[in-house]
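We just call them A, B and C in the order they show up, numbering each chain from 1.
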Amino acid sequence: MSPRTNNLLLGAALCAAMVSAHGVGAQEARLLSIRDDATRNRVRIFVEAARLRGTPTEPLVSRALEGIAFKADAKRIEQALAALEKRMRRAKELLAPHATVDELAAAADAIANRVPEKAISDLRRIAPRRTITVEIGVLTELVAKGVKPSVAATMVRDLMAKGATGAQLTELNAAVQQDVALGVTPMEALVLRTRGVMSLLPPAASVNAAQRP
Amino acid sequence: MGLLRGNLSHTLGLHREPVSEFDPTLPIRAKHGDEQAFIRIVEFYYPRCLRFARNMLGSDQDAEEAVQDTFVRVHDSFSRFREDARFDPWLFRILANRCRTTMARNRRHRSLIEYGDIPQTATAEHEIGADWAEEVNVVLDSLPADQREAFLLRHVEDLSYEDISAMTGVRLSALRMRVKRACDTLRARLGERSEDDRQHGGHNG
Amino acid sequence: MIGNMVDTMDDERDEVIARVVGALSPFPQPRSAAVARVLMAVRARRAQPVSRLRRAIWWAEDTAVSAKAAGLLAAASLAIGFVARGTMTQQATFGGAESASIEMQPVASVSSAVPVAMAFELANAKTVSVVGDFNGWDPAANPMQRVGANGPWSTTLLAKPGRHTYAFLVDGTTLVADPRASKAKNPDFGGDASVLMVRTP
């Protein structure tokens, strides 16, 4: 075979690999990076069972490899996967009627960080037709950094209802983190920064405006 | 396999930390739309391209702009990249063309530079060896552009004469002559200084 | 054969040429987020591809169209702009382990992944890669590179808008949290990771 044919074949093979990259084959390839046979098998069995239960498996595989990176043993990884699946199933109910895999993963992280469940369903109610991954992420980060969960939930919900965009919320979060680093309490920082963003929003913004992508 | 031939020896530049080797499948993957593969190519070659452009143009700003443009062009022209071709010469051909464009533009605008304007030059930061680097840059700038280009591609970027010839369309004998003339000039103008350094123990190249 | 001999002769570097090459060989430090800038220019052009004719002319004349200019050109006609933000706009003086990330994104793109430039300074590491939920914690996905023996490690990765956790994997074994990013406690495995917030386009 000439080098040229060889390379064309290689190109074709790479294309085929890229097409299937989102499929089961790619996931299996990632599981193969778990060196310990016993751990890999337990993870594989868990992931397959979850697939049959209708749970998105991508976040589970990612969490398993995260466990490997943190040098967790097989038992701990299995516990983490079970906990994540439980949270994702709860997230699916909270985000009903529909949610993307990214939203499910974000909401599961929110639950793990003690964001009130009602806050998550509130966000979905305000924006039923667009992805709210960023909004959930901002809420999670605010709570993780010490803002009282009920206060963070109210602030984010009100901002969204008034038409604040995901970008504005991300910037609000960055500003709060900066203030906290300078010694302001997380609560004070959030109240102050929320007032700042509110002042930028059009006063007559309706719920419709909040649903803008 | 043509694809693999000789790529690695060229891509690891003289002073690059060999922290990673260039994966020769990256250009093919990038050609077929893999954005992450394109990012890896840019990351791998950016420093080397920037070095060539800076040595060629003598200005940090012009060099950065030329390299940024080069990669945009690489992306736009991937459909023309033959999968059995080697990547380095193809990339450097686009980069060298882009540098020539900048030099032509600068020649056109040179008359507009008023007295008192200080053109930004590519002098190294002042440290041990900075004087020598400055002198080298001055002499390099004074070389005709085709000699400078041939010298840099051959001696600094470590490309073979065959590759340079394929890239530039210049015959091998003419290329060798350009490199030889460049070396002669560099020796004639820097040789004395180099000798001084050695005698005074200031060997700081 | 004769060609080879000539090649060998030409390649004989005397001391002067060797020192000249030595002065011209160090790699300059690219400006921050250089790779992300290229990617954004490319994406802006893809959003509004140059017409075949214009591209042909562009190649024939070899006109100087800078990446910045190309990006802004598309930006003007498509209302796409660049947003650069981050904790570092120039190379900081790194002491021990320091890092910063800069993200760039087209304001009008859909929720596709955004290029994020990462830098990390750690002396004496042999390899460093970024692992996080954006790449499924895959150590092979985003290896970092460094310029020179002591330059900062850097890479550009793709992450979707939202909150992500990540860490640096040093020498394939040790996880290090990003010293300049906000910390994330790992509820499942313990230990610290870092938080990357990628904003909505």
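By our rule, a contact is a pair of C-beta atoms (placed from the backbone, for glycine too) under 8 Å apart; a residue touches a chain by one contact, two chains touch by 3 or more.
Note that the coordinates shown come from a computational prediction; the quantities given were computed from them, not determined experimentally.
**Student:** Go through B-C and A-C and name the pair with more C-beta contacts between its chains.
**Tutor:** B-C
**Student:** By C-alpha centroids, what is the most central chain here?
**Tutor:** C
**Student:** Determine the centre-to-centre distance between chain A and chain B, using the mean Cα coordinates as centres, and give it in whole Å.
**Tutor:** Centres of chain A and chain B (C-alpha means) sit 44 Å apart.
**Student:** Suppose each chain is reduced to the average of its Cα coordinates; what separation in Å results between chain B and chain C?
**Tutor:** Chain centres of chain B and chain C, defined by C-alpha means, are spaced 20 Å apart.
**Student:** How many angstrom lie between the centres of chain A and chain C, each centre taken as the mean Cα position?
**Tutor:** 24
**Student:** Residue numbers in chain C touching 2 or more other chains?
**Tutor:** Residues: none.
**Student:** Would you pick out the residues of chain B that each touch at least 2 other chains?
**Tutor:** Within chain B, no residue contacts more than one other chain.
**Student:** Report the residues of chain B in contact with chain C in the complex, numbered from low to high.
**Tutor:** Residue positions touching the partner: 13-17, 19-20, 35-36, 38-39, 42-44, 46-48, 50-51, 54-55, 60, 63-65, 67-69, 71-72, 75-76, 97-98, 100-102, 105, 122, 124, 129, 132-133, 136-137, 140, 152, 154-156, 160-161, 172, 176, 179-180, 183, 186-187, 190-191, 194, 205.
**Student:** Quick one: which bits of chain C touch chain B in the complex? Just the residue numbers, please.
**Tutor:** 3, 6-7, 10, 13-28, 30-31, 34-35, 37-39, 41-42, 45, 50, 55, 62-68, 70, 115, 126-127, 141, 143, 145-149, 154-158
**Student:** Quick one: in the complex, what on chain C touches chain A?
**Tutor:** 85, 111, 131, 133, 136-140, 160-163, 167, 169, 175, 182, 184-191, 195, 197-201
**Student:** Given the complex with chain C, which residues does chain A contribute to the contact?
**Tutor:** Contact set of chain A toward chain C: 30, 33, 58-59, 61-63, 65-70, 72, 76, 79-80, 83-84, 102, 105-106, 109, 112-113, 131, 133-134, 136-138, 140-141, 144-145, 165-167, 170-171, 173-174, 177.
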